[in-house]
């Protein structure tokens, strides 16, 4: 890291120092957590008490309030990881590694939830838990990529080395995911003309949009909170590794 | 250039002297093709319909088998560290390895594919489309394989990690590969798939040596 | 006995350490199963029909890819030579390794098989037959695998010789395994296949440690 | 160590032994006799067959001619040979102490505990470290510690000094000295000198 | 060797170099300066960080602090470092001569031919043998021959004497001597003595 | 609470599943944070900020 002395860059320098980063961002966690809690409460209230059943799907539309935010996050988290990967490779930002590592399990979890809620939604609307439909399938592939990244992180002993290698894979994945998405859509229409009914045709009424947006922000803020907390933990974990190695070698 | 040839000949030599490595791949390829009829029963129409898919799955899995050897032994005996000090850029070394990998693990499969075509009751025209599709698509698999192998070599465990990393990435190759064989979508679609496959292969083959070289360089210690 | 436990715990430790070999294995199994639909198309009836074959091929492959690690690293670092001088008979060492191999590479697959069943649109009854079939058949694969790995390591060929040796041997396992799942031949045939599978497994598991130990003993230098 | 590790009547003998690789005879008509408490240094230029001879003594290679016998050894005590070769038999992802515990488990005749053995070879501080992270000399020390966790009368050491520092060489001489003093036998192939009195020397020569 | 291999103005320098593994610093503030024709011995107990320092000099590990520079080296000549470590980078199923030809191909700046290099290290007779069948010392000689087939100004040798017989040690000293005489640089980590005049010594010490 | 119509079980299980998933995620994050903090204290970390070296 080159030392930049211009005053307006100091926050960047401070953020790139792990200890400083923790000190700077730790006070954010509690407010973020509270905000997330309020948003969830509001979202659930809107979702169950103030929004009517939808005219085609009935009450199952309420699954949307958890399905769409998680599905959206499944992609947003990957974008976060890809940007962090660039941060690792191009700018060599020390916190980028940490962010990349913290995001992977979160992304996997949100993707799994999107799949779960999607298939529970699919049963009453399409009559099946699983269909090899383009969007569902590419989400499944995304889950595999996430899990692969988690496995890759765990396979390395030295997390600093791991970061750069994982960053390469994350970026290769980032280039490839649009191609996968395209190919899967192409594939599903190739073999099976669209026979599935999709809800995204009619524009949604406001009573449905409100809870959707509130839940959407709730999930996003939850991700931000968890991501920050996980980053702090990871910083500490690295410190522990250093201290343990040092202890093993008999230095105080 | 002469360095590139050196790596290429070394790799090919090593895999030809290995005694039956190529044979193993071919055997595996054929076994996968032969097992499926047992699973689905002797329905020829059905077999012919899923034949393109089976061929591609068999080829894909067979290429996964050889991945471990791409960088693993070189790492273990210290050769990989010396590659990083070689005059030849690491990406060229990896490029030569990718080519050798394709020559020793994809080409034999393509040569053996008539056997599979026979077992799966493929007709003549489909057979030729299959050969073309394999020719166009396997380079992409080799390239992805190299990336996977390079990324996992520093973890010193190899085995199944590389396959699980690259299998999701290879989905487009499978889809377009099968699309380029099967006639169900009409000849236009088969041709479009073949073109997409070729484009994908080209991109992967050109970029993978650099990505893999970066991974090797940064992962090693 | 305590020596046997030592080998067992060492092997299990090695495969659990350093983050989820087992996770990788399970992922591999599921990914292979999930990738097949891309090749054969999203037709659920068809998928359900070839599901037994897919499951067995995925399991076979997952176990095959782990074989290299059975004796390869032990040979490379000199451990194998020391096993031959150990108090514990070599066949007991190999036996412990076979058990550990099954525990760490077959059992997780069986536990993960529900996911595959869901993806491949398997019905409940078929699912249970699949679990049974895997339980009965994978020990034979582990045993054959050990023999193959031992012969490979003895000939210093490494890599893919083991698969080539055991692939033909494993064909009956795969065929009976698939037979024990698929209902195409009626319940009687499935049951007969399951029985044959059990008999095969029993025989292989009992004999393979001795055969593999012999191969290791004769081959090492 | 306990009483039974004193093997006063032992004698490692070879009868017209011929050793080699494949069909190539490297040395023939070797008649060795190493009594209890005796140490033998194998010397000779690179590629002459020292390692081959050691492997043959250990029973890991079959003799091309003649035979090897360990007289006075009771087979009930289990295998008699400890072999320590070029390769250290150390696996990544097991700590030093786990590695030793494993060998102690399968080699029988337990002597020192793993921790004691590590202390003896100067690795007490590295006990919980992944064994692959040890330096070359530390790995060699770990390999030597393996000889200490199970008692066996005959030690066959192939270039045991390699990668050891001055301190380590002394340690090695001490270990071998103790072993011989207890009535053990040691055959050592090495190009370095070992600071121990009274070692016999057997020089292998290149065949014409 | 040809003219251009004489590197009279070379100098290998380190500036406040700190080396280590992961985040553990093993040695810091190392300020070395090895001029053309100079040889440097690294000494120190097992596990002190000699191999780590050599790897860092070679650029195979990144320095934790400071930097390494080879002054006076023209980058057009290609990489400047030959590293020869614990592992010999020898693959089964390639003969000795094929192995060398391969390294000659990818390392650039060809000097001796593979056969000449084999002769120089005393392996002429084993040229067509599978390299994995060579004895430990012969494999080490083959690894040294790799340094001869492509000319590079700086040799970094990690325990090059291991497994070498007396003859081999002399050979090694001769090779290093010739290399230094031509204006090369050598940094050698070894516990053994090397029979060469005028080698500087850098002793690494265990950190408190 | 309102009636959830014919497919109540799907809605409830979707929400329950997501709730469990989120609870697990939060629990895991908190637990990991606690553990690392405790371990750091055990090791007697001298850096107040709990950051990494230097």
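Per-chain numbering from 1; labels A, B, C, D, E and F assigned in written order.
Heads up, the rule we're going with is that contacts are C-beta pairs under 8 Å (C-beta built on N, C-alpha and C of every residue); 3 or more make two chains touch, one makes a residue touch a chain.
Small disclaimer: the values here were computed from a predicted structure and weren't measured.
Ranked by how far their CA centres sit from the centre of chain E, the chains are topped by F. Distance from the centre of chain B peaks at D, each centre being the average of the chain's Cα atoms. Taken over every residue number at the interface, the positions common to chain B and chain C amount to over half, indicating a same-residue contact. Chains joined by the most contact pairs: B-C. Centroids built from CA atoms put chain F at 41 Å from chain B.
Note on chain placement: the centre of chain C and the centre of chain F lie 36 Å apart, centres being C-alpha means.
With centres taken as mean Cα positions, chain C sits 24 Å from chain B. Inter-chain spacing, taken between the CA centroids of chain A and chain B, is 31 Å.
Each of residues 18, 24, 27, 31, 38, 41, 76 in chain C touches at least two other chains. Counting partners per residue, chain F has 52-53 as the residues that reach two or more other chains. Residue positions of chain D with contacts to 2 or more other chains are 21, 86, 126.
Residues of chain C touching chain A in their complex: 18-20, 23-24, 27, 30-31, 34, 37-38, 41-44, 118-119, 121.
Of all residues in chain A, those touching chain B in their complex are 141, 144-145, 147-148, 151-152, 155-156, 158, 161, 164-166, 168-169, 172-173, 176, 179-180, 182-184, 186-187, 190-191.
Of all residues in chain C, only 18, 21, 24-25, 27-28, 31-32, 35-36, 38-41, 46, 49-54, 56-57, 61-62, 64-66, 68-69, 76, 155, 157-161, 163-164, 167-168, 171, 174-175, 178-179, 182, 184 touch chain B in the complex they form.
Chain E meets chain D in the complex at residues 21, 44-48, 51, 86, 126, 133-138, 140-141, 159, 162-169, 191-192. Residues of chain B touching chain E in their complex: 2-3, 5-7, 9-10, 13-14, 17-18, 73, 76-79, 81-88, 93, 220-221.
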